[in-house]
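Below are structures written as structure tokens.
Note that chain A is present in both complexes that follow, paired respectively with chain B and with chain C.
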Partner chain A sequence: MLEQLSFMTSVATVAGIYAVLALGLNIHWGETGLLNFGHVAFFAVGAYTTAILTIPSPTATQAYSFGFGLPVVVGIVGGCIAAGLVAVLLGIPTLQLDEEYLAIVSIGLAEILRHVMMNENWLTGGVAGLYGIDRPLRGVIPPEAYDFFYLGLVVLAVGLCYAYSRRLKQSPFGRVLRSIRDDEEASIALGKHTFRYRMQAFVVGGVMAGLAGALWAHYATALTPTAFGANITFLTWVGLIVGGSGNSKGAILGAGLIIAFREATRYLPDLYGLGDIIPTLRLILVGALVIVTIRYRPDGLLPERDISYAEYCKRVEYGGE
Partner chain B sequence: MAFDPQFLLNGVIVGSTIALAAIGLTLIFGILDFINFAHGEYLTLGAYAALVANVALGLPFVVAAVVAIPITVALALALDRVVFYPLRREGAGALSLLITSFGLSIILRNAVEMVWSSDPRRFDVGGAEAMAIAGVRITAVQIAIVVVSLVLMIAIHLLLTRTTLGVTMRATASNRSLALSSGVNTERIVTWTWVIGAGLTAIAGVLIGLNTVVRPSMGFGLLLVMFAAVILGGIGDPYGAMLGGLSIGIAQEVSVAFISASYKPAVAFTIMVVLLLWKPEGLRGADT
Partner chain C sequence: MVNGDKQVDRRTFLQTTAVAGGAFSVAGCMGGGGSDTAVLGMLQPFTGEVAWVGESSEVAMNIAVDQINEAGGMNGTDIEIVTEDTETNQQTAISALRKLTDSDGASAILGPTSFTLPAVMDIAQESQVPIISPTAGTSVLDDRGGNYIFRTSASDSLGGKAMARIARDNGYEEIAVMYVDNQGGRSFGQTVIEGFEALGGTITTEVALTPGKSSYRSELTEAFQDEPEFVSLTAGTQTGQIILDQWDEQGLGGVWGLSNDMQTDSFAADVGAPLEDSYAIGPLPGGEKYDEFAAEYESRAGESPQPFTPEAYDAAMLAALAAEAAESNSGSDLAGEIPAVSKDGETVTSFQAGADALDNGTEIDYDGASGPVDITSQGNIRSSFAVFQSTGSEWEQVGEIAADSLDF
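And then the complex of A and B:
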């Protein structure tokens, strides 16, 4: 019983981290129409930044040269800021061009960051990675309750990102983003500086992915480059599309479903002796899920709810929701 | 350190294969109006089709390479019919097609890995002894790679300029509705675009596998490089893709003289980003 509870807690924690990733991608794709195919780059930058900021200074035997031993809170904030900066750098050459360019450049950046993680031993520990990353309030929370505490922390992060996304739906800023997504020319004609809005949305979504990465780093306590492959981007996309892009609840639901699917199939190999093909078969199914969803249910399980003009006026009149 | 012409030669070998694959990618973008993220997987499929014919069935390498073309083309056409055509018929946007191709790329890459495992494999072919010509080392196989690539590029040029099919393809790429109203059967053009695009990409896959190794991730790993070549030449422009592919290949190989070889893709990426900032319509300008 206790074992199952602990298993469920770990699945829920990972699902929560993916929900934060999916909410970030939802700001990019769902709200603004930005095709970010390198979401894992923000995730990785968030994770490695907080790790480098919080791990102790290296001893002679360790490959890395920087460890600042700062408090975890500083690390997490630093991870978010670093991910936001990456978004700015990535946005400058791409956000003024057609959507496809961002897709190409972001997938490229993610690939190159992986090479940096593998090769720059002084910074990232190389293939061996970074170990012994601190966990927040480790000495204060009793060890047997720690996983629940961490799950609570992740749920809090999901809640914050969700609350932001909800507000975005009703705020003037969010309406501009959706107008850029649906008809950029109309938006420009109304005098909106669309590049600036796109950039802001891109940074916000990037920061969320950085937060997810930081939470992952302090949960896993060890980082290796192999954990930051393109599959993280794929899974987040699948979660968002299946759940319903443009709908924050859909993003969370989709992320939960994808992680549940992944964890449920993790134990299949032992059952049927399919050990060798399960990892690839799983991704084949996930890829098929994307194609089928786009074809037959392009709005996902929970489609975006359009707030009509009349409903909007009513809400404003009655002082909002 | 004196500059070693060997790097330049390696660049021409790699660049000419990238150019072939990039022509395929850019033609498909020009006619179908979406960026096919599964393009790298067609390259991988071409290489594996030849590998099976060559190593498993024991056919001579040249026969195997030729056999790989219709197999890859047939697969590309079947995938278009099942995956892309329904979306096109419903008038789905370019982004739906793009995300669909993203899903297709995961499926194909993992299917290849499921069947052949992730182990790198080699073709059963001779000609690996390096000859020294004018101070550089080159193998007979590498000479063949460059010659085949150049011949195919000339063939594509003749096709696009001298045949009705080529002219209608260019017309469709530059203005689809005008082509449609002039009586061009665009679905027929789409089919021919897949035939030519997937065929060229299959050959590129075989040649790249011949120069290095065949592995399931080879196409996905080259996607960035192919994109860089396409953007460098201007999206949709086949001549630009040739130029872009050669330039990117040479830049990557020459960079090995200065930086770690593991950052070869970073060279392509940097060129691409600089170009997007400076001249997003591509080196040859916006004539497409």
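And then the complex of A and C:
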């Protein structure tokens, strides 16, 4: 029983990390309409930055040449900042592009970044990766309770990102983002400098993905480029679409469902003795889930709520804005 | 009206099925483990580029486990194999490993490949469950193994050194090195370079290849620009075949030194005459124990054993014998016995013989289908290699490189 609990804790931790990723993507796509197919790039930058900041200096036999041995907190903050900076750099050339162009460029940039990770041995350890990444308060928390502590940390991160996303729904900033999503021409006509708003949204979502990456790095304690393929981007998209884009609760629910689904299907062989075909079947089932969702609930399980003007005025009154 | 009231509306239906589904999957989680069987976890890729590794080593492990169970099981308990797919992806591998250690209570994990092993070794260490990989050649493990991480496959750095030896012993002074740019390819390629330079030779060019392309003409031009007489190539059979076809087409000359992945008879036959006089390294053909294993494998899978399958068989045997020696099926107890049962003692080649000897208090040295399988304190094996040369249609063994000659 305790063993099962321990396994479920690790599933919940991974689900939480994906929820943070999905919340970031929700700000890009759900709120602002940025078709970002390179989300994994921010995730990777966050993970590698915190790893490089916190691992000890390399010994003679190791491929990488930087390791600063700083506290984990510095690493996580550094990971978020680095992801934000990368978002600015990627944003300058790409955010002026139309949706479909942004999609192609962002997927390309994510692939370029992955190849940089594979080849710049001095920075990332190359294909061999980085190992022995420290975990926060490892010595302080008793080992048997550590998984729960880390889960708590991840839940806290989800909570923070969720609170931010909720606030965004009601704030003037969020309204501009949604106006850009729904009709960019109209918001330009109203005098909004849309490039600046798109950039800000891109950075905020990127920082969230960076945070997810940092949390992943300290959870996994090892990083290799195989962990940062395009499949992460698409799994996050699946979560967002199934959960409901434009709704932050939906993003969390979707991410949780996808991970739970992926992990729960590990038990199918035990139940029915189906054996070898299960691993392949799992991928098919994830695809089928998306098709079913789009067919029967095109806006996701928790669709974005359309707020009428009257209701909006009421809210603003009560919200004191 | 009564009917109308009784009808289940869509919302209720969805809620009920969702709850039932959720409860069902939780119940499923509770079902595994905790029974009176011992579990050996198998963590290998079953999907993606190297799916054949998972499928073939599963056959080998089943052979080993059936033999162990027939002989009474591990410490009197039947072994059950639980397989998990790594999808050749670090994230999936970590979740899968945690499921095997936490939820299934595996005594030991057999697998995974070089792609994912470095990413999961810290976690295995933390969970105190030994990993015995039959498939990971990566040189990362050279000085990080031992304790909980072991392997029955030879390190790429030994293979690379053996390749350097072949080139040097046959009198080549200048060679070029090509390798596919992944964990395994790179560590193999790098040790060819280091080894050959240590032996006093010169490397003209080093070319990293992206696997799975349809044309390697520009890479070939680069590799052959200084007209090397010998080119070392580390690649899978598909990529290797394309490279060799285009090399022949361009008439670039020289001979090849091919890594063990390409040392299969079908490969030599497919490439044919252009490959004549080229070299390949491969495992030394096994003795009686290998033949016995190969016969059993063939009867089950309908083909001759794939690479790494004898190693997978031996990994399962070692885990079970270590458990017998520790008189416990717990991972943390048996981990320490893995090097001990592999060397220095009475030679045994089957689980039955090993278990009997251990019952009598004798130390044992397991020799398996893949060779003597002596695990060092760093968790590696020392391994000898065979040198093959192509006759233009098949590989012919022309020499042997002893493990001792690779200490340089």
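Heads up, the rule we're going with is that the second predicted complex is superposed on the first by the 291 of 321 C-alpha atoms of A that agree within 3 Å, B and C clash if a C-alpha of one lies under 4 Å from a C-alpha of the other, contacts with A are read in each partner's own complex, and residues count from 1 in each chain.
The rule is short, and it goes like this: a residue touches a chain if its C-beta (ideal position, glycine included) is under 8 Å from a C-beta of that chain, and two chains touch if they have at least 3 such contacts.
It should be emphasised that the depicted structure is a prediction, and the values quoted were computed from it without experimental measurement.
Trainee: When the two structures are overlaid on chain A, which partner does A:Gly152 contact: first (chain B), second (chain C), both, or neither?
Mentor: neither
Trainee: On the A-aligned overlay, A:Pro93 touches which partner chain: chain B = first, chain C = second, or both, or neither?
Mentor: First partner only, chain B.
Trainee: Classify the contacts of A:Pro58 with the two partner chains as first (chain B alone), second (chain C alone), both, or neither.
Mentor: In the superposition, A:Pro58 contacts neither chain B nor chain C.
Trainee: Quick one: classify A:Arg295 as touching chain B (first), chain C (second), both or neither.
Mentor: first
Trainee: In the superposed arrangement, which partner chain does A:Pro303 touch: chain B (first), chain C (second), both, or neither?
Mentor: neither
Trainee: May I ask you to decide whether A:Glu111 touches chain B, chain C, both, or neither, giving the answer as first, second, both or neither?
Mentor: In the superposed model, A:Glu111 contacts chain B only, not chain C.
Trainee: On the A-aligned overlay, A:Thr280 touches which partner chain: chain B = first, chain C = second, or both, or neither?
Mentor: Touch status of A:Thr280: both partners.
Trainee: So which bits of chain A does chain B touch that chain C touches too?
Mentor: On chain A, the overlap between the chain B and chain C contacts is residues 118-119, 280, 283.
Trainee: State the interface residues of chain A toward chain B in the complex, per the touch definition above.
Mentor: Per the stated touch rule, the residues are 33, 35, 37, 92-94, 97, 99-101, 103-105, 107-109, 111-112, 115, 118-119, 230, 234, 237-238, 241, 277, 280-281, 283-284, 286-291, 294-295, 298.
Trainee: Which chain A residues qualify as touching chain C in the complex?
Mentor: Residue positions touching the partner: 1, 3-4, 6-8, 10-11, 14, 61, 118-119, 126-129, 131-132, 143, 216, 220-224, 226-227, 229, 231-232, 260, 262-264, 266-271, 275-276, 278-280, 282-283.
Trainee: Please give the residue numbers of chain C that touch chain A in the complex, ascending.
Mentor: The contact residues of chain C facing chain A are 25, 28-34, 46-47, 55, 58, 82-85, 87-91, 94-96, 98-99, 102-103, 105, 115-116, 118-123, 126, 138, 140, 143-144, 181-183, 186-187, 208.
Trainee: Applying the document's contact rule, which stretches of chain B touch chain A when the two form their complex?
Mentor: Touching chain A: residues 35, 37, 83, 86-87, 92, 94-96, 98-100, 102-107, 109-111, 113-114, 220, 223-224, 227-228, 231, 235, 260, 262-263, 265-266, 268-269, 272-273, 276-277, 280 of chain B.
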